[in-house]
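By letter and in written order, the chains are A, B, C, D and E; residue numbering begins at 1 in each of them.
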Amino acid sequence: MSSMNGSKLVVNGVTKIFKMGSGFSRINITAVKDISLEIDLAKGEIFTLAGESGSGKTTLSRIILGIIEPTYGKVLYRNKNIFAMKRNERRQFIKEVQVVSQNPFEAFNPLKKVESYLFKTAIRFGLARDKKGAIPHVEKALKAVGLSLAEINDRYPNELSGGQLQRVAIARSLITQPSMIVADEPVSMIDASLRMSIINLIKQLNEESKINFIYITHDLATAYYVSHKIAIMLKGEVVELGSIDLLTEPLHPYTELLRTSIPEPDPDKALEAIDKELVISKRNFDSDFACKFADRCPSKMKICEREEPKNYIVNGRIVKCHMYSNKGIKMTNSIQI
Amino acid sequence: PPGIPRNETLILDQIFRYSIPHNFNVWTPVGITPTRQAFVFDTLWYIDQHTGEWINSLAAEPPKYNDDFTQMIVKLREGIYWSDGVEFTADDLIFTVEYLKAHEGLVWNADFNAYVDKVEKLDKYTVKFTLKEPYPRFHNLFTARYNACYIMPKHVWEKVEDPGSFDFFPPVSLGAYVYKDSDPSGYWELFERREDWQRTSVGVITGKPGPKYILTIFYGPSEKKVMAMLSNELDVLMDLDLEAFKALIRRGKYVRSWYKDFPWAYPDEIDMRNLSFNLEKYPFNIKDVRWALALALNIIELEENYVGGISRVNPIPHPATTYHMKYFHIPLKPWLEQLEIEVTPGEKFKPFDSNIPFELAKWARKQGYKVPDDPDKVIEMFGIGWWKYAPDVATKLLEKHGFKKENGKWLLPDGTPWKFSIIVAPDEEDAFRQTMWAVDQWKKFGIDVSMITLERNPFYAKNQTGDFECTTAWGVGGSPSASLDKWPYINGYHSRFYKPTGETQTLQNIIRLKDPEVDRIIDEMGAISPDDPKSYELTKDWIKLWTENMWTIVLTSFKKMITYNEYYWTNYPTAENPYGQPLYWFMGSRFVIPHFEKTGRK
Amino acid sequence: MNLLKSYIFPRLVQWVIVILIGTTVTFIIPRFSPVNPVDVVMASLASYQTTDPQAMLKLKESLEDMMGLNENIFVQYFKFWGRLLKGDLGPSLARFPIPVIRVIGNAMPWTISLLLIATILGWLLGMVLGTFAAYYSHKSWSKILQVVIMALYPVPYYVMALILLMIFAYIFPIFPLFGGVGIGLKPSLSLNFILSVIKHGFLPAVSIILVSIGWRFMSQRALTSTLLSSDFIVYARIAGVRNRKILFYLFRNSLLPQATDLALSLGGIFSGALITEVVFSYPGLGQILYSAILQGDYNLVIGISVFSIIGVATGALIIDLLYPFLDPRIRYS
Amino acid sequence: MPIVSAKNLRAYYIVDVYGFKRTVKAVDDISMEINENEILGLAGESGCGKSTLMKVLLGLVIAPLKVLNGQVIYSFNGFEKNIFELSEKELENLKWEVFSYIPQGSMNILNPTRKIGDTFFDFMEPHMEKFDKKYVREIIIQHLGNLDLPAEILESFPHQLSGGMKQRVTIALATILKPRIIFADEPTTALDVVVQRDVIQLLKNIQKNSKNTIVLVTHDMAIHANLATRIAVMYAGKIIEIAQTKDIFKNPLHPYTKYLISSLPKIGDKTYKKSIPGAPPSLANPPEGCRFHPRCPEAKKECSESVPELIELETGHKVACFRIN
Amino acid sequence: MKIIKDLFKYDKRFSVGFIFVVLILFMAILSFFPPYDPTIPHTFPRDLSPSLKHILGTNSLGQDIFWILTIAVRNSLIIGGISAVISRTLAILIGSLAGYLGGRVDRVISTVCDSFVVIPRLPLLILFAFIFRGFLNPLSMAILLGFLDWAWPSKRYRSQILSLKESEFTNTARFSGAYTLEIIAEEHMPFLLSYVVADSISGFIWAIGMETSLSVLGLFDLSIPTLGTTIYWANYYKSMLLGIWWWIGSPVGALIITVIGLYLLSVGLGDFLDPKVRLQRLSK
């Protein structure tokens, strides 16, 4: 497409404020706050978004996909603002950027057979002329996720198990051979063994076809296994961003908390009960403190209550924490990595 | 109603719902409402349409004109009072005329301005009108059949600034009744007999009115009227369709109509039914075509199958009421029998068939109805006769003008199928039945005729603009008043008032007639007194002229299926006791209703 | 504040535009009718009066003058707005010069009280029965109920009303044959008056409800059956949530389209219920509107329509404002 | 006496619509016992019938699911009955008081037009003798606190919550009345590890305090390791191994179980992880003999011919594999 | 075909509905093969009650009611059916586009739509009927009515689409490359379908009623037999008062059968469309 040159996806200072509460008594929820990211599509990156439940991962991904409009900021895909695209540009965008949504039970219309999504995707994006021609494409995609057309043929969403649906959703996103897939917890309902084969598939696609992924997950182990970069989110903000290796030696206290909370598949190493203080003390929708983590931070300082931490560059990553005000380089504007 | 005994109350069918119930200002064009006019208003003279009897109502004697009809003197009755105790005098009459003359937009305003030069009081009970031009029919304005110019109470109206928005409520009555109560929604209205009923024209002329209260109710659809009458909650019902009427008469023990038996209905409503053409539309502008259409109709079918034998057949543009038949139909019968039309050059045809009433009598007897043997009585029952059913002659007449019949269908001379429609308002029951009949007959004859059924107002609108080929409007051809004078009803056909098709013609000439002979008759008639014997002759000329030209196909007389319930009230005017007309919504019923008597039932 | 600007204000603007368009169209429409109000008056005069042709023509002219019908249509239109903004609807043409407001004022209370009650009751009944019929669709009473209601639905108002009348006013004279209240009863707060009003309004209301219930029932049943298989209902049933609560869920979750209907029909009650009014001789607006149309009484047609237009537009406005309450998933924007 | 015992359960999805006939043997001859006061973990491949088994145990058999054979007996406090033979009323009494259920994909089972708080009331009211709104509200808030949810969410609608929040709400709904058995089908898929840790804690606590039973399906072996007392492993509609947690992790016997445990990556370790070769079997047409044999590296001839029985080896360690027997 | 057969087998309601509708269609087809012109009056004695010779008796015009009814059914199916199809198609298109696209499009469409809803329909119809007068036959009448009855239902559909478009699968479809119209038609319509059918039935009834009103106003021909005009004439001739129940009863009965038939079909169809319900029903 001539109109879409450039090879970057740029998320520029995106903020999303939801209005909550019904009718006229309402609170505002800042689900995503001033986030900037950049993905070089040509390079082929797997970018993990991890973080607290409710921290705005899904929201951010939906903004990137153009499903919800941000309150402030914009998203540029190959130099085009995705919210101001013309019809054909939008279509091209959809062909190139695909989605796997978080809840597989909601992702398919309960009144339609699931295979229809696969076939339609193949046909509508010109991979095949008709259903018959689409069969190989569909089969291939299904096989990659451990399914076969025979198995899902003629079935409605409620006739498939959760993991199966999730795999169908992944298969669907693969069909157009996109340049980027935004996958929101794509393997959460899949058993360990299959999960690995899918993760391996992602890895392979990334390496061989340079497909970019935005991989949203709580499973940090698999994230570590496949990703190149990671952003840790907390209450709408990115608190730490950098190469995936940051998981091994986190800088931000929250990342640290995450890392230590990962359970191990070993009955002897049963997790100890977590210190309650660390989890809930003040999980309000909007924290009273300037730093969103201040109320449960073990190394909280006075300043954390008053002043919002800036982004500091430390060891090639960005950390949003006062602890690094001396050690790191203060960033003035948006994150650039 | 609470406090009002049922057996003292006469309940009349109110005919429709009053859109504005509290408006008694009948002097505005929209203020006229049926029924109540007879109870609280009055005018100078009155003619009973059934008996032809002249009644001096507020006037003490008939009008006196000078020789050239430029002056009229009226002598008023003495001792008549308004219901608020003020005496009725010449001042009221003079005030009425001058007031109406002065206020545009009121009815009679234009009439008075056109004719009245001066109105003077000669004494307390005598008034003199000076007219602008000779006008021998000026008194018509004060002579009621349905209604006429009502007299205003001067002491009330002299204070009224804007007559248009004055509702004259509660009305000061000059009739035998006063307004008592009414439904703000217009479904009913209650009147009470005046304490001083003696001081009204009714009191003087007929005596004490029978019913103490008169209640008019609009029950809604005729099903409900029937139910109401069957439950004795309605005493007199204006008109019904044949089906409901028969059901009601059959089921109600106390219910009857004008005749006790066949043909039940009151036959003497002064009007007639016709099929009228727009004479400007091809091919109805051709006389032979109109004749052909008439001769393609079988009137016996109409009587037998469509109207149940209840109407009198009528070939001439003049209502066949008992009273008028004496003067016109019977005398004109020999002329009709001799009437000839030219079928093809040289071939003549006598279209009139005087045997029809006897055929109908035969049929009626077969139905089990009692029909007298006396030929005169048969004619009284079924009319003098009608046109022969002669489709062969009709065919020749059409072919003469280039029409062709192919596969049983008539084609116009240009080869296209002949198609036309008849407009009709279905709430005009008998007009509607006749239309269905005509459609069937003409279809059988090979013409593609259809019927367009319309609500009354769109129907009027089409008539007025001439947007029709054939219509069933009434009054075409001139239905006369109770008197024999036909001029007021044909005056509108004068070419002075002609309006081409497309323009609104609010007057009589919806068929767009334009004929010098017509103008002549109207002009000559207008110049002489209605009582002049020459006027009678001219009327006959009019009838002949119209008939020969077949400007409209006149079908039957007009009738009203009025029904009485004799449970609470009796001594209604009937065929056995025809002391007056039964049409209670006419102004003249003020002299009829007083005759009603209580039966005493509870 | 923001909400006011982004959500309420545009809708208010829309409301105004809708009323403007609606009124303008209604202003124009009757003028296309071939029926001219003056001619209607003249036609009735011609058949009653013994006036001579010359005089008739003059009268016609002066009537047209008085009613302002000789003016250019634009002038009439602007005059109309001028009057309307002052709350004056002008004189009725067929009942000249009675003000339209008075004609409407007489009938309005009747129409509103009858239709408000019948509409709301019919809606509620339809909703409740529809929900029940879908929820208990396997029960035999539900099947019978469905057939009965669907059989009543297409019965023409006229026939339905007449049958009710024949049975309950004639054969068993329980209810009166006509009117809105007993003859001679004056409006008051007395028990007598109120009872009489109820007694008179009962059959009309029943006839409206019986027929109008059909659509509500049918649509509600359809909406409910779709909902029935949705996960949250199934889950609530597994959890042993009370039946009435589940019925309430069903009711609540199908409210969106149904409340839309209700709001619009409530807004529309100002145009009356023609046939019911005719059959029951009920003193409402429907008949007046109908005859006004027939008589070409522009002013009255517009007068009644203005109420109905404002009513429906307001209904639409209110329901639009309420959407986010009815379905919290709908976003304000 | 186990609180729930399943005997020879056979539950198939039988679909016969408009000419297509399809049978999915989702639960194929399963016998198992669930004891009081234990947390039974249920693991297995995606689509192998875990959710179905759970539904059958709950008596939630909605067409096209059909129970062809077998019983599920509930016994406690002298009550001992097959769940398929209960009257509607008896079943009604069991719901939420004896067992509760967290379905899979629990994110979309909340009424979209009802506030979370009201949903709580609706769920609790029928099962409480005295229902005092204010008091109940306190309980709810406290319970939500255990799941790291703020009280504010009681006033929000489901769509306003993130996936993880909804999931926790469902967990809260199912646990708040502390029923005897809690069936939880992948309850933590959308939770971050911190919260997950807390939820595990909550379940543990509930279990410890009220000595009730939890049946837990999850794909996260770590959770199994941390939480379960016993683990059952399913493969293609059958239970292939069941044992104490320790035994499963220390001494997995079935080849499939071994794969399951070994194929997990770890942070700090980027070496290639293999997954089980071959494709998962279709339950509509499962392989003959041992259902795992087409993918089993150690398969023998016998394996493709007859079906191995679930045999108890040591105390409580049962496995269905010819190689072991 | 197979589907119908199966529906027949498994769903009693569907089969009854199907039989009713086929019955009505059969009547409509019969109207093309009358043994004589049934519209000519006075071919038979009037007011005969139903008998073998006249299945539904004769009316007060001496016509055979059955044969008149066949024509009436045909015309009404044309008027009601086509107008319902047109209006609901428009309504679906307009309503769903407004609901789906939202924003300014929605504002504009909603304004137009509301303006349409707001105008009392009877006067509006009269206006249109006057403009098109002379061109009105059952078909064009159906088209006219269809174009006047879209606004209200479109509001109904819009409200439904408003919440459907928020669902996740809408996004899936969009990312599967579906165009807006496809999403509406394929993803959302199945949810609305039984509602739409129910709504179309109401449109059908409305059209039949309106056609009669227009006829009475002279904008259409009362002599064309339709269910509406047949009822009109039966009322006109006071058939209820006279106890000629078979006259008024026939068109009303035909209407009822049509409506119940369509209703049962719609119920069966609704269940058919919802796979959960269908499986539950069929697997029993």
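Going forward, a contact is a pair of C-beta atoms (placed from the backbone, for glycine too) under 8 Å apart; a residue touches a chain by one contact, two chains touch by 3 or more.
Bear in mind that the values here come from a model prediction, so they are computed numbers and not experimental data.
Student: If I average the CA coordinates per chain, which chain comes out farthest from chain D?
Tutor: The chain lying farthest from chain D is B.
Student: Comparing B-C against B-E, which pair counts more contacting C-beta pairs?
Tutor: B-C
Student: How big is the gap, in whole Å, between where the Cα atoms of chain A centre and where those of chain D centre?
Tutor: One centre to the other, that is 27 Å.
Student: For chain D and chain E, let me know how many angstrom lie between their CA-based centres, rounded off.
Tutor: Each chain reduced to its C-alpha mean, chain D and chain E end up 50 Å apart.
Student: Between chain C and chain E, tell me the centre distance in angstrom, where each centre is the average of that chain's C-alpha atoms.
Tutor: 22
Student: Just the number, please: Cα centre separation of chain C and chain D in whole Å.
Tutor: 56
Student: Show the residues in chain D shared as contacts by 2 or more other chains, in ascending order.
Tutor: Chain D, residues with two or more chain partners: 15, 62, 64, 108, 157, 159-160.
Student: Taking each residue of chain C in turn, which ones touch at least two of the other chains?
Tutor: Within chain C, the residues that touch at least two other chains are 33-34, 162, 166, 231, 294, 327-329.
Student: Where in chain A do residues touch two or more of the other chains?
Tutor: Each of 22, 103, 105-106, 159 in chain A touches at least two other chains.
Student: Spell out the part of chain C that touches chain D in their complex, as residue ranges.
Tutor: Going by the criterion above, the answer is residues 231-232, 234-236, 238-242, 245, 249, 252-253, 255, 326-329.
Student: Any idea which chain E residues touch chain C in the complex?
Tutor: Counting only chain E, the residues touching chain C are 102-103, 107, 110-111, 114-115, 117-120, 122-124, 126-127, 130-131, 152, 155-157, 159-160, 162-163, 166, 191, 194-195, 197-199, 201-202, 205, 209, 217, 231, 235, 240, 248, 252, 255-256, 258-260, 263, 266-267, 270-271, 274, 276-277.
Student: Please give the residue numbers of chain D that touch chain C in the complex, ascending.
Tutor: 58, 60, 62, 92, 95-97, 100-101, 103, 108-114, 122-123, 125-127, 157, 159-160, 173
Student: Can you list the chain B residues touching chain C in their complex?
Tutor: Residues of chain B touching chain C: 1-4, 17, 19-20, 23, 28-30, 32, 104-105, 107-111, 113-114, 140-141, 143, 146-148, 164-165, 167, 181, 183-188, 190, 215, 217-221, 223-224, 227-228, 230-231, 233, 455-458, 460-462, 464-465, 467, 474-475, 481, 488, 491-492, 494, 496-497, 504, 506-508.
Student: Touching chain E in the complex: which residues of chain C?
Tutor: 10, 14, 17-19, 21-22, 25-26, 28-30, 32-34, 146-147, 150-151, 153-156, 158-159, 162-163, 166, 214-215, 218-219, 221-223, 225-226, 228-229, 256-257, 260-261, 264, 271, 289-290, 293-294, 301, 304-305, 308-309, 312-313, 316, 320, 323, 327, 329-331, 333
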